[in-house]
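Presented sequentially are two complexes of chain A, the first with chain B as partner and the second with chain C.
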Partner chain A sequence: MEECSFTQTQTPSQVRRNLEKRSPEQVDQKVGEVLQYLLVKDQKKLPIKRADIMKSVVKEYKDVYPEIMNRVGRTLQQAECRAAEEGHLSLLTEQVFGLQLEEVDTKNHIYILVNRLQRVEGDNMRVDDNTGKLGLLTVILSLIFMKGNVAKESVIWETLRRLRLDHGEKNSEFGDLKKLVTEEFVRQKYLEYTRIPHTEPVEYEFRWGPRAVKETSKMKILEFVSKIQNKDPQSWVTHYKEAMDEAATPARH
Partner chain B sequence: MGTQMTDSHRRFLQVLMSHGILEGSAVRALHRHCCEVHKVHYAHDKLDDFVNVINVHLQSLFMQIRKGMSEDDGRQYYALVNLAETEITKMASDYAENELELFRKTMDLIIQSDNGFAASTSILNLSDQLQSKKMKKKEAEQVLQNFVQDKWLSEKDGEYTLSTRCIMEMENYICNTYQDMVNKCNLCGTLAIQSQICDTCGIQIHLPCVATYFKGQTDPHCPNCNEFWPYEIPDSNTAINQPNSPQLPSTAPKEPPSAVRAKRRAVPSTSGRRPNRS
Partner chain C sequence: MAEASRRSGGSGRTPSRGSAECSGGEEQEEMPGEDGNSGAEGNEETRRHIRHKYRELISSVQQNREDMLSSRSNRLTEVLEEANKLFGGVSRAREAALDAQFLVLASNLGKEKASQLHSDMIVFDPTAFAEDLLTFMGLNRLEGVESDDEEDGMANGFLPSDAWQRVGIEAEKYFKRAPTFHYMLGSFKMDPPVPKQRLERQKQKPSTEERRAMPAQLKKMEESHQEATEKEVERILGLLQTYFKEDPETPISFFDFVIDPASFARTVENIFHVSFIIRDGFARIKLDQDKLPVIEPAANEGQGTEQENQSRYQGVISLSPEDWKVQDEIIETFEITDPMIPPSPASE
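Let's turn to the complex of A and B:
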């Protein structure tokens, strides 16, 4: 493990020198804290910025950041050694929690945790405010996919209105519906909400966000639609082909 | 026994993590479910081994799945607890500063009480004395409800006590913060919040432990000083003395009974009592 290399601004020897100032227990503690931080943020489905990990957890241990990630791997007694900076951390979340650390924004270094396990019936996950929201989200994602991967805001509201969900009214289940869809889902990276250029009055449209791409698939959404409409998924020829193509691509990101 | 984590362990951990705490029978059902989903060998009597595999991997993260007893009904619970005292805990991220202060003050009241309960009126009276930011009574009421919903407090007839999850997760914190004001149950050795206290020697016993220990006795006597036990003995309708697996951590390490007794005798007779409120 000593030969583990890591790509970082500091050279391994610099890190080693910095490390001599800390006890192994202190660094261990930081490793645990970084993971807890990721898990807590993930429960609220909030994206995690590397800058925030640094600011709120790593703090004065910044100079040994690569080693913190490295030690995560070592405590697991993994024979495997990864060079990537986040490699060990992602190894640990995946090994222990079945969650994958994914960088959804490589420029600003923003991460999300994606569940590698499919939810199945009988899991009995805690039912809370978010459970219903995810149902609504599935409807919106379906709509976007069926409309050709982009849907005008007005189309979304019109469909929701037919489900008796009015975006101008407070809803007992979802509260402020407009805020949930255009702010919360967007912040969580489930949806992208962008202005359509050259529109007067201003119009917006929705696309799948990176979290939706990683947490679900076009095929799963198509299966959801076909269940609701009581039709065979293959009856939507182009959508079915698109979903098959996506599934055939090994890495979807 | 394998120590390798499989997806069945990971699924188990994810579900437990989403609840924070689960009752024993739900955990046993979950164990079976996870083994079946991932088609790994299921042995109903190997739950603690199964949990131990996860715990080995959680060790370096300062987390642990612990087994604890509910002070209300004596049933067994499993909780994922955080062993490191840091500000990054689940609770700290869910609540605002003044809400956490209200929680700490509520905890003070509960610990200082004789029976482990604080009346909602006394808690609500604290809301305008908060140093971080005052709260309206209505807001404080809502926050209390959230504490109950998130399983940090439990409520009974307008009185609040620490929930099983809270005691399991914060046992170390409570013992360090309140030191002489809290005691361990004389029978099971874990922290006792709701309990009966011996009038003579001051030892404390959980209600479910009282129920099991004195079951069927018409003339109960203190297991420590042998004086008459003057309390009503609660019904024991749940078995609490299930054999504890030696490997799985319960909420506190058990002291051997002889050591406990010797220690108790060596200190003045009032040592076991909670200090009187001034």
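Let's turn to the complex of A and C:
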């Protein structure tokens, strides 16, 4: 479980000693609580702060936090393997979710959940408001990547206007479009929205946020653009090369 | 790139122009010298004109960004040449700053154009991307509902309501997005406590009649009780005042007054009622020479205000049936044969 190492405030031996003070059931219970907390928090796709996990769930189990999070990470991950070797087989420690806990901000310890499983065609996943939003987000991420990993705000709005979305108007599907793009997507860490220095009038530009990096990749987005434009991904030579380079460098966890 | 070199070639002051985008300061240094050559007043008009021209140029560049970036267009070159001509007339820092601002804009555009050249065969064109997306969304170009007055190449046609859903469903394949879980029966908040409600309803039905009757009854009792107390207090005060008037010289013994030799309950009641009289200042209790409590009505009506200034004293009298029985002695001692306060007709 190297991928889900958490910054530890105690040494492993300390944690082990602390763990002996608690009954396995108590720790399992906490693991379950943290799991549920993460899943509920993820409903809105907002990043989860370690401080909040501590404050709201872990509480007095702080001294065994690394162990709890290790188990949470393990529980979230595997879809096929059951933790039968764990001695005490409870429903919670069955590794059933197929999700991965990722730290998107190592300084402030902010986590997100990502899917470890690739989506397949016709998996009958729920289609709701978020589906349309994801479509919009993907278009924006595509524009950013294809424009060289940073896109001026004007380019985004101009393209969206061509797609019948005016950022000054309320939209029946997305509500306040500007708010959705510059606030919600930003809070969810899909986008970064920053002011371009020394511009008069003030201009902003968009970049990919850390969640976008974790949930998708340059290659995936290039594939999306290619599909829409009915082209071979390799026909965008530089973009393709960049996407290959990204895939080749191991992800920084 | 070609534009930039042409531009600097046309200007005699190449070195300072080249760095103009990062600082207007260099040009400012040169300004005072040139400023001396020209008549200040006469130039004001031309300077304003130059500034106006620059602003026009800048806003036109900002508005036509995409057009300028298009590989087919030669607009960037044209705009730069125009600015170069304008710069010929610039003599002061203010105009030069505008020129610098324009140059920032132009070089940004140049940079973007250059990066487009990099992408070799195919240039990513947001406009074409948007067109293809509309097609993907299922745009029906034949059914034009959109107005035709849009001239900037906006595609007309009817966009189905699930257009973005279509894009979203496609997009999901490119994401490792964790599917959010949902409670099958909704979350806690949305779920009303159904069984609890049912229980309440069942309980309520039989109790409605009872409840309706109860408050009325209670209210009546309370009212009558209060009235009775008031009446009784008034009656006793009246008795006290009559006794006092009959013989103002002899003080009335408290025990003589309150004790009913025939009934312990009425004795207690009497003490209770007298306490109101004392509290409201209509009478007072003091000790006579034998240290026995005597009661007399308050001297006059002015007493009320005086009373407020006086500090309040509380006295506790305990009286049990045993005491009262022993009071047989008291009764004998005080020679109480008949109650001074006859029982009120109501209580009988």
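Note that the second predicted complex is superposed on the first by the 195 of 253 C-alpha atoms of A that agree within 3 Å, B and C clash if a C-alpha of one lies under 4 Å from a C-alpha of the other, contacts with A are read in each partner's own complex, and residues count from 1 in each chain.
To be clear about the criterion, a residue touches a chain if its C-beta (ideal position, glycine included) is under 8 Å from a C-beta of that chain, and two chains touch if they have at least 3 such contacts.
Since this is a predicted model, take the numbers as computed values, not measurements.
Please work out whether A:56 is in contact with chain B alone, chain C alone, both, or neither, and reply first, second, both or neither.
So A:56 only meets chain B here.
Report for A:35: first if it touches chain B alone, second if chain C alone, otherwise both or neither.
Once the two structures are laid over each other on A, A:35 reaches chain B alone.
I want to verify the contact counts: of chain B and chain C, which reaches more residues of chain A?
After superposing on chain A, more of chain A is contacted by C.
Kindly classify A:176 by the partners it touches after superposition: chain B alone (first), chain C alone (second), both, or neither?
neither
Check whether A:105 is in contact with chain B, with chain C, with both or with neither, and answer first, second, both or neither.
neither
Can A:43 be said to touch chain B (first), chain C (second), both, or neither?
Touch status of A:43: both partners.
Output check: A:147 vs chain B and chain C. Expected answer is one of first, second, both, neither. What do you get?
Only chain C is touched by A:147; chain B is not.
Considering only touches as defined above, state whether A:192 meets chain B (first), chain C (second), both or neither.
neither
Looking at the overlay, does A:238 come into contact with chain B only (first), chain C only (second), both, or neither?
Touch partner of A:238: chain C, not chain B.
With the two structures laid over each other on chain A, which partner does A:115 touch: chain B (first), chain C (second), both, or neither?
Once the two structures are laid over each other on A, A:115 reaches both partners.
Shared contact residues on chain A, chain B side and chain C side combined as an intersection?
39, 43, 99, 115-117, 125-126.
In the complex formed with chain B, which residues of chain A make contact?
Per the touch definition, chain A meets chain B at residues 28-29, 31-33, 35-37, 39-41, 43, 56-57, 72, 75-76, 92, 95-99, 115-117, 120, 122-126.
Which residues of chain C touch chain A once you look at their complex with the stated criterion?
So the residues of chain C touching chain A come out as 65-66, 101, 104, 115, 118-122, 124, 126-134, 136-137, 154-155, 159, 163-182.
So in the complex, the part of chain A that touches chain C is made up of which residues?
Its residues touching chain C are 39, 42-43, 45, 99, 113-119, 121, 125-127, 130-139, 142-143, 146-148, 154-155, 158-159, 161-164, 173-174, 198, 200, 214-216, 220-221, 223-225, 227-231, 235-239.
If you look only at chain B, which of its residues touch chain A in the complex?
On the chain B side, the touching residues are 5, 7, 10-11, 13-15, 17-20, 26, 30, 33, 37, 54, 57-58, 60-63, 82, 84, 86, 88-90, 93.
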